[in-house]
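Naming follows writing order (A, B, C and D), and every chain is counted from residue 1.
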Amino acid sequence: MDEFRAEVAAWLRENRPPEPDFLMPESFMEVGTDAQFNYLRDWQRRVFEAGYLGMTWPKEYGGGGQPQVMQDIVNIEMARQNVPFMPNTIGLNWAGPLILAIGTEAEKQKYIRGILSAEDIWCQGFSEPDNGSDLAAASTRAVRDGDEYVLNGSKIWTSLGTYAKYMILLARTNPDAASRYAGLSYFLAPMDVAGVEVQPIRKITGEYGFTQTFFRDARVPVDCLMGKEGEGWKIAMQTLTFERGASGGQAGGLSMVAVSAADVVELARSAMRDGRPAIEDPLIRDQLIGFLVEEQGDRLCGARARIPALCSERPGAIPMSGKLRGTEFRRRLCQFAISLQGANGARWVGDAHAYADGLWQRSYFNAFSATIGGGTSQVQANIVGERVLGLPKD
Amino acid sequence: MDEFRAEVAAWLRENRPPEPDFLMPESFMEVGTDAQFNYLRDWQRRVFEAGYLGMTWPKEYGGGGQPQVMQDIVNIEMARQNVPFMPNTIGLNWAGPLILAIGTEAEKQKYIRGILSAEDIWCQGFSEPDNGSDLAAASTRAVRDGDEYVLNGSKIWTSLGTYAKYMILLARTNPDAASRYAGLSYFLAPMDVAGVEVQPIRKITGEYGFTQTFFRDARVPVDCLMGKEGEGWKIAMQTLTFERGASGGQAGGLSMVAVSAADVVELARSAMRDGRPAIEDPLIRDQLIGFLVEEQGDRLCGARARIPALCSERPGAIPMSGKLRGTEFRRRLCQFAISLQGANGARWVGDAHAYADGLWQRSYFNAFSATIGGGTSQVQANIVGERVLGLPKD
Amino acid sequence: MPQTLKNTMTFSDEQSMLLDTATGFFRDKSTSADVRNLIDSARGYDDAVWQEMVALGWSGLAIPEDFGGSGLGLAAAVAIAEPMGRHLAASPFLSTQLFVQGVLAGGSDEQKGQYLPAVAEGSVGTVALFEEDGNWDLLSAQAQLKVAGDRFTLTGVKTFVTDAEVATHYLVAATLAGEPALAIIAESELPAAALSRETVIDETRRSYRLAIDAVDVAGTSVIRGDQARKALAAIRDAALLLISAESAGGIAGVLEVIVEYLNTRSAFGRKIGSYQGLKHPTVDILIGLERARSHVYHAASLLDAGEDAEAALRMAKAEASSSYAFAGDRAIQFHGGFGFTYECDAQLYLRRALWSQYAFGDAAHHRKHLAALLLD
Amino acid sequence: MPQTLKNTMTFSDEQSMLLDTATGFFRDKSTSADVRNLIDSARGYDDAVWQEMVALGWSGLAIPEDFGGSGLGLAAAVAIAEPMGRHLAASPFLSTQLFVQGVLAGGSDEQKGQYLPAVAEGSVGTVALFEEDGNWDLLSAQAQLKVAGDRFTLTGVKTFVTDAEVATHYLVAATLAGEPALAIIAESELPAAALSRETVIDETRRSYRLAIDAVDVAGTSVIRGDQARKALAAIRDAALLLISAESAGGIAGVLEVIVEYLNTRSAFGRKIGSYQGLKHPTVDILIGLERARSHVYHAASLLDAGEDAEAALRMAKAEASSSYAFAGDRAIQFHGGFGFTYECDAQLYLRRALWSQYAFGDAAHHRKHLAALLLD
C-alpha cells in the first residue's frame, strides 16, 4: 500500500498540469469558459489513462477492477497535492454508478468508457425553473411517437450544459398518472439533437457555469429510456443517493477544489487584523479550532461509516447527512476566511492586493451553489429528519 | 422629574423589605411557598400604598391618574435598586389593563383596586394539558345553566393557582360554532367556588410554582362572562398583546427578578476560569460585549417604539417581538453565566461553594418557563413572521 | 461601566420630514435597474441625481450655516444614509460627509472657509485613511508627512479611497514626526496615475488606491497634533454612524426582497414562506433590523446632543454589520436557485453587506474596543 | 499541525460484542424509573447492578491480566460508558477507571499490585483533583504534600470527588516541593467528617468535598515527579475519553426522547415534528451526535494503538460537551410545557450535559489547548 501510495504521489507530481493562466473554476459547476473546460478534460483523460480513475469499476467497461482502498489512496493523494478536479462529475458520480447498477449490458458498453475518459461529458436535467428542490413537480414532457420520444420543456442549473453529450433527464411521460411520482420517466438523453438549446446563466460571482436547457420538440430514440416508463422517480432518487454521500459506486477523483480548514489556518498566518497576524488573535484561534474540530469530525464520520457495528442504530445518518454537513461547513468556512483579512476582506477577484487573489470571497459566493443545488440545505435537513430520524413530513 | 426620581429612590431605599431567609422566586411563575407569597404580597401592598403602582390608571378605581413617565421613573429605579417584584403580575399586566380597556363600570369598580393592592390575586387559564401553545384548541367547557355557567375541564401552567382569587379563563361555550375560534368565551372566574381543584406541578428546578387547575361541575355566576359569548378568542388575543410587550396599559412595577448583562459582567469579575478572573479571557470579553450590545439594542428598541416616525413601516415589529427577544436573551445570558464559573459551573442551588448560591443555574432552568409559557418561542416567531412580516401561515 | 449606557432617543420633526423625503427620493431614483446600470458605469453614480441631492441641500446638511451649509448636523445625515442603503443608491454622499467632518473637527477657520462652502455647493471630498495592511486603526498610518522648509512633502500608499476619481479634495492620514496628521490635497496637486481603481466586493462602490511619492503640501493644508486626532475621531464617528445607517437601510431593503419572494414562490405545494425553516430566520433578520436601527438612531441622538457617543457608535456598527451580513447571506440561500444568479438582487445586498462590514472595523473589532471601554 | 491529524478508526469484534452487551444491560437495568429512584438514594446507584457489572468483568476491563483484570484496555471502556450515558446509568465505573489509569500510568509495580486486583474484584476507587477555584489544570493543586521523615503529610481541600462515600481508595493530587504529586489515601486513613456531600447540577451524581489537614501518608503511597505527571496525564486522558463517550451516549438518549415526543405530540392540528422549527434543530442534534461519536471512537482507537491522543481527546470532549449541552437545552424547549416539569426526562439529560460539560474542561477550554497544540 505504501508503495502504491508513493507511486501515485510520484505520478501526480510529475504529471500535474502546469498552472493555468486563467482563473480556475472551483468545481464542475463553475466551468464557464472553453479554456477552463479543455484544461480539465485533458487532465481527466490523463488520470484515466494512468489507471487512476474508475479503479473499482469493472475492467470490461474500462474500469480497473481493483478494491476501493486503491481508489481511496489515489483520492487522498490528489487532495493532498491539490491537483485539478475531474470535470465529468455527473458522469463519474451519478450517471456511471447508476448505469453500472441498473443499466443494460448495451448501456454499460456504450457509456462507461466515455464517462471515465471524459470523451462523453454528462449533465443533469432534474431541476426546472418553477420547481426548485421539488423534483417531483417536473413538468418537462416526453411523449412517445413511434421509435422516438418528443421532449418539450426546460431544465435549469445544468452544469456543463454547453459541453455535455448526454443528460440524465427526468421528464413526465404520463401527466394523468395516479400520483405525480408515477408519471415520471428517466432518460439518458443525447444533447446533440435538434430542438435542444442551451443558454448560459450568470452566477452571483459574475461568472458563468450553469445553463438553462430548452427542449422544443426535441426527438430522442426510445432506447434512451432508462428502466421503464413511470420508474423515473425511483431512479432519480437512486441517483441522488450517490450524490448524497452514500458510499460505493462513484468513480473517484476530486470533483472540486478542496477547501480545508488547514488552508484557512495558513491564511490566518499571513492575513493581518488590527496590525497583527490574524492567528495571534484569541478569538480567531478559537474559531479556527472550531472549524478544525468540525472538519475532523466529518472526516472521522467517513471512517466510522465503514464500520457497521458503529453505525447500526441509524445506518443512514452519516451518508444521508453528508451533503448538508459538507456544504454548510464550506459556506461558513469561506465566510470566516474573509473575516481574517481586516479591511482587505472587502476586495474581490481581480484586485491586485486581495489576499489569495480574492479566491476566498469567490469561494464563499460559489459555496451557495452547493447549499442550494441538488436540494437546498433546508430540504436536506427535511430529508435527514424524515428518513433518518423518522419525523413526520412537513 | 429629577426631584421625583430622588424621592422614589429614597423611598425604595428606606422601605425595601429585609432580605428573606428563604430562596427568592425569580418571577410570579416561581412562587411556590407561602413564605415567598406573603413576603411579595406585603411588598406589593406597600408599594401601592406609597402611590408607586398603577400610577397611570384612573384615580376613581385606585390608580394615580398620572403620566406614564412617572411610572417609568419608578420602574427604572426599582430595577436599579433590585427590589423584589410584584407578585400579582397577571392582574397588573393582563387582567387589569383588559378590564380598564373593555370592562364595564361595575367590573372596574369591583376588580381594579384589589389588583393593585394585591388583595385579589389573579391567575390565568388559557393553556390546557393537551394543547400547549395552541390556545384556540381549548376544550374546557362552560355550559350556561340559568344564572350560572357550569365549568368542566382542566387548565395547566396556572401560576399562583393556589393563591389566586380570580382567573382569566378561556372556555368553550359552543362546541358546534362555525370555527373553533367562534366557540370560545372569556370569563373573569372566581377560584373559590366548589368544583375547582388546584394541583401543584414540580418544575425542572425541583421547586414548585405552577399548578394544574381542574374544573368539575364548578358553577360561576353569568356576570363573570366578559364581553359576549363567542368573543373569547378576540379578547384573549387582546390580553396576550399586553403580555407581548405592546406599550400602554400595564400597571408598572417589576414582574420578575431583573437579570441583566451587567450582572453577568460583575460575575465575570469574580468568577475564575483557568485560574484567572473570567473577565480577563478575550473570548469571554467578546461574548460579554455581545450580550451588552444585544441588551442595549432591545432597550433602545423600547425607546424607539415611543417615536412613531421611527416605527412607521411596521409598528408591530418592536412590541410583537418583545417576548421572543427578551425571553431568548435571558435564556442565553443565564446559560453563558454558568460557563464563566469553570468547574464550579456544575454546582447547584444549595451547594455551599456555588457562585451566587447557584442562582445562575436556577435562572437558566427557570428561563425556559418564559421561552415556553405564553406561546413558545417557535410560536412567537410564527406570530411575528405572519402578523408583522405578512408571511404565509404554516 | 455598562450601567452608564443611556437610552436617549430623539428625532425632530425636521429629521422626520427629511427621512420621508429621502425615502421617496431614493425609491424613485434608485431602482434595481438603475443600480445595475450604474455598476457598469465608470463613475458609479448618476451625476444628475447627485446634483439633485446637492440642490436639496443634502451635501451641506452637516456644514454650519457660516460655511454655506444648513447646519442640521450629522444626525440629520442618518435620514439620508438609511434610505440610500435601503435602495442601494450610489453617490459620493458618504465620502463627502467624512471629508466634511474631518475638516470641521480638526481644521482651522481658514481651512473650513476654504473647503466647506464648495462642498455645500456640490464639490466632492473624500478621505484617504487605510493602507495595505488592512488595519482599521486610524492613528497608525505609515504614510509620511515630512517637513520641507515651511512646506511639507507627503509620501505613501492609501487604499479604499472612495469616490477618489470625482473628488476635488482629499483628506489624507499620515504620520508627521511620529504623530498623526492629515494633509488636505487638491485633485490638481495629484500627479497623473496617482489613482488606480480597486476591485471591491460591492460593485456599486468606486474605490481607489492612492500612491504618491513626495507630493508637495502647503503648510496651510496640514492638520496636526490634537487637531489631527480630533479630526480622525470625528471621521471615525461619522463613518460608523453613516455606514451603520446605510446598513440598517440595507437590512430593510433585503428583508423586503426576501419577504416578497417567500410570499410568491411555492415548493412542495406551499408558499415557501410558510416553512418555519425560512420563516424563523427571516424573523431573526427583522429583529436584527430593529436592533440595528435603534442603535443607529440612539447614536445619532447622542451626537446631536454633543454627548460622548463612542460606545454607542461602536455598538451600532457591530450590530448593523453582523445583522446585515447575516441577512445578505440568508437572502441568497432563501432564493434558492434564483438566489445564485447575478440577476437576483440578493447578491447586490450581500456584496454591500460585506463591504460595509469590512469598512471601518467589523463587529469583532468593535467588540474588542467596546470591551476596553465598558469592562476595564 | 492540522495536516497530521489522522483518521484511525478501529473497532474489534470483542469491542462490538461488549457494546451490544452493555447496551442491553443498561437498557434493562437503568430505566427512567430506576434513574429517578436512585436520585433519592444516598449512594446514588444500585449496588446489585454494580456487582453485576463487576461480575461481568467491567471494573477490571482496563486492568492488565497480571493485576487481575482482563487487559482489554481503556478503549473497551468506551463501550461501557457510552450506553451508561445513554441510559443515565449511575455507578462508580468512571471514578474507578480514573483511579485505575492513574495507578497504572504512575504507580510502581508494588502500588499496582496493592490496589488494582481489589478494584478488579469490585472495590471502588476515585480521584480527588479539583479545588475551589474551579481550575481544570491538573498540575496546579494547592493541596500540599509535605515531607515528615520517611513519611508525608497531606493538607488541602479537594472538590468534585465523585463516589467518595463508597470509595476504598483515593488518588489525591497535591504539590510536593513545588512539583505535582499524588497521594494514595485509603478510606480508613480519612478522619471523620473529611467528606461532605456537594449539591451538583446532575442529581444522578454523587460528588463530595474532601477537606483534610495534615493527614499522615506513607512514603510508599506517594507518586511523584515524572511518574505523577504521567499519572495525571493518564487520568485526564481517561476522563476526557469516558466523559465524552458518556456524553455521546447522552446525546443519543435525549435525541430518542425528543424524536418520540415530536412524533407523538400535536399542535395546531399537526404532529409537532412536522414543523421545521423543531425538525431542523433536531437534525442538528443528530449531526452533533454523529460527530461526537466519531471523535470518541477515533480517540479510543489512537489510545488502543498507543499513539498520542491528546488532540483527539480534546476534540472529542469539545464536540461532545457542546453538542450535549445544545441537545439538552433544546430537549426542554421542544417538550413545551411538559419539558418544564420535573417529570419530563429532558431535565435529567440537561443536568447531566451540564455536569459533563464542566467536568475536566468545557469546549472553550479545550479549544484553547488545541490552539496551542495545532496552531503554534
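Definition applied: a residue touches a chain if its C-beta (ideal position, glycine included) is under 8 Å from a C-beta of that chain, and two chains touch if they have at least 3 such contacts.
Computed from a predicted model, the values in this text were never measured in an experiment.
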Chain whose Cα centroid lies at the greatest distance from that of subunit D: C
B-D or A-B, whichever has more C-beta pairs in contact: B-D
Whole-Å gap between the CA centroids of subunit B and subunit C: 42
Centre distance in Å when subunit A and subunit B are each reduced to the mean of their C-alpha atoms: 52
In subunit D, residues with contacts to at least two other chains: 270, 275-277, 279-280, 364, 368
Residue numbers of subunit A (touch at least two other chains): 282-283, 286, 378, 381-382, 394
Of subunit D, residues touching subunit C in the complex: 275-277, 279-280
Touch list for subunit D against partner subunit B, complex: 130, 132-137, 140, 159-160, 198-202, 207, 209, 265, 267-268, 270, 275, 277-278, 329, 332-333, 336-337, 339-344, 346-347, 350, 354-355, 357-359, 362, 364-365, 368
Residue numbers on subunit B that touch subunit A, as the complex places them: 281-283, 286
In the complex, subunit C residues that touch subunit B: 1-3, 5, 7-9, 11, 16, 19, 252, 255, 259, 262-263, 270-271, 273-274, 276, 279-280, 282-283, 286-287, 289-295, 297-298, 315, 318-319, 364, 367-368, 370-371, 374-375
Touching residues on subunit A, where the partner in the complex is subunit D: 261-262, 265, 268, 279, 282, 285-286, 288-290, 292-294, 296-304, 306-307, 309-310, 313-314, 317-318, 321, 324-325, 378, 381-382, 384-386, 388-394
